[in-house]
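Mind having a look at this structure? Questions to follow.
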């Protein structure tokens, strides 16, 4: 232990070590740990009017969680959120995998830069405005409906916003970048010669992908899926803009709780969401047998 | 001006392993001293201990009579030239050289003047404003040297600085370094695994085996009178034969080996009955033209390779022992044919009996 | 063999076209609508070319106030996140200790945490225990929690390629720790620091999820947009989108231009 401090001081000097300890310390303690613990604490306390806080009624209780587990509507919403987020993840993966592969292995030279730019530019525009674009497209008198009517395929406009479809579509649109880049990064490190060799030996493209590319890309896929799922499950913007009452999202439930000033209940629900994300992440790690270290932008 | 460096009982331990153990040597002020040894012998560790990057686990280092304990590398009167040179890539040549002065808050005018002087000293005219990445290997070397000299160190530490250069440049730089050292009178501590470098450049050489200092002496003494088997086998080439001591004769001893019995010097004062190894340099083996019987071998020549100024002859005794002989091409020796059986011998003053075998060269 | 290759090419080409159409068409539609003199954001019926929505946007006090807040918050976030990110990067790249992987996990965890949870926890902490109500300050802190992680990762990837013998050489020549850091280490890290500043700014400016829960009654631009879009939809929002698009395209052009110049310089 002493050795560690001596080396640290020798390497970085007193000010350096102090700087690191203070910045990281403040960050971890005041911004990461304590707020989380407080949220957790809130979730365990009942909602009380101001004057009762700190008094005899202020005890630790699982009541808030019980409210959640006994509320069938909320449970249904919770599972629907999970299910829809999974759909978003899978859809994004299916769309992005070829793109990532193309970008990493097939495209050459100037094309790569251009395509990258084409991927990144939309993301510089605010997420909400992009979702708004879809709102317009999918509205009752929106572009898609007008187009279909114009083509004579339908007579009356379709209410795209009924059900989850619009939300899922919007989310996929919003989170494509988070799926493409991790996979692209991993694929880049794959030696092109392996592919050529396999091709040379007569393997079909399907085989090549299944046996060579995908195993190599596993970490990237895991990261991409984790991020996409967590973004999908944890976002408020898309459901707010593209959803309808029938596609209420779990995060919106949390929001409602806060709007009604029931912070305790909201904290409990938020903790549930948090647990969901943690569980999902560990599942992904196990599924793809990946360590925690893989995270690049 | 150079200062002396006194290393007393210095050991350095990393967890359970000793990188260097009980090193004792007194390097004189203004001396060009080399530590010579194979990779992993601890010479880099020793250099880093002197420069102050580490403090020794045991022992003491004094520079100019002052104890360096706990004094960091930035406060010691030393400057180091790293193996990878460690030039600052984002700075020009002049900025690199002037760095030591800059951090000492030397006035700009004075600093620039000193930088100019040093650029002249190391022969880098006109490169002051170039980025170091644009320079050749030899030029980068000289920037490193100038940069180190700028802070007027009492001791300059050089970590195998020439190993990355090609042969011609290396030879040239060796002469230059020696030159600079003589002119500035700074104490040079040089580490290398190349014995030619150590022997040609240094005032004294310290030969190191794994963590231990085997011998400290002038180059010719190291070469001609090795004190231990390691030194004898590491420095220069030797014929090596193991055997048992059967007789003591003053400073000499008789070693009985499979190839015959030989007399050699006994510097370690070994006793009768001890196992020892005899070391004989190839150039001290010659054709036996007289009837002198001592240290005489009858061998068959296996190969002869003419290398211009001399010839290397590989011989095999009846028992299969391989000997190497080096003959000068000065016409004094009759031509030898391959496959011929000849008689060779060597003088007892040129042979050394030392404890612990070395590595054979054949 | 050849014909299958060209079929292959066609499929790829088609896929790419569809993909980028999917990405860009919505934006193109947005832009067109911004100039349509139609009260409702649509392409048809086309009621004439107009710039009035831009005018309406410019007159919106709330929008300007939210924009100002966005800048305030973004600059503050940069000022907090980059130093913290630097601290974290130095901790993980320069110090060796057993719990390194664990600490790495902790410092990266904010990225993996849903934004709203960061917002909620920050809000609860400062509002209840520190008596600072939800507002710009809590938004800044909530955002900084995870943006610091991004900065840290960015700086780390550069710091890992740093040749430490340079620092040793500088020490050896007599520099103090401060001088070594300022003259040797920092210049090396500068590109990463600059790009993390840019990243932090953009992420902060754009952030919705965390800010929504942390900011209480105040507004940054995304919050403003969110509220507006949920209540009364007006093509003024399209005008705002066009402004964004223009700035983005401008940014992209400048970026490409500078990149091309760098490549020419290096050649």
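Per-chain residue numbering starts at 1, and chain names A, B and C are given in the order in which the chains are listed.
Note that a residue touches a chain if its C-beta (ideal position, glycine included) is under 8 Å from a C-beta of that chain, and two chains touch if they have at least 3 such contacts.
Model, not experiment: these values are computed from the prediction.
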Mutual neighbours - chains that touch subunit B and subunit C alike: none
Chain-chain pair with the highest tally of contacting C-beta pairs: A-C
Chain with minimal offset from the mean of all protein Cα atoms: C
Chain located farthest away, centre of subunit A as origin (C-alpha): B
Gap in Å, rounded to a whole number, between the CA centres of subunit C and subunit B: 58
Distance between chain centroids, defined by C-alpha means - subunit A, subunit C (Å): 16
Subunit A and subunit B: spacing of chain centres that average the CA atoms, whole Å: 62
Of all residues in subunit B, the ones touching two or more other chains: 72
Multi-partner residues of subunit A (at least 2 other chains): none
Subunit C: positions in contact with at least two other chains: 176
Subunit A - residues contacting subunit C, complex: 4, 7-8, 11-16, 19-20, 22-24, 26-28, 31-32, 34-36, 38-39, 42, 95, 98-99, 102, 106, 113, 115, 117-119, 121-122, 124-130, 132-137, 141-143, 146, 173, 176, 226-227, 230-231, 233-237, 240-241, 251, 254-255, 258, 263, 266-267, 270, 273-274, 277, 281, 292-293, 295-297
Parts of subunit B lying in touch with subunit C, wherever the complex brings them together: 51-53, 72-75, 78-80, 82, 84, 86-90, 99-100, 102-104, 147-148, 150-151
For the subunit C and subunit A complex, residues of the former touching the latter: 12, 15-16, 19-20, 22-24, 26-27, 29-30, 33, 40-44, 83-84, 86-88, 90-91, 94-97, 101, 104-118, 120-122, 124-125, 128-129, 141, 144-145, 148, 150, 153-154, 157, 176-178, 181, 202, 206, 208-209, 212-213, 221-222, 225-226, 229-230, 233, 237, 240-241, 244-245, 248-249, 251-252, 256, 259
Contact footprint of subunit B on subunit C as seen in their complex: 163, 165-166, 168-176, 179, 183-184, 187-188
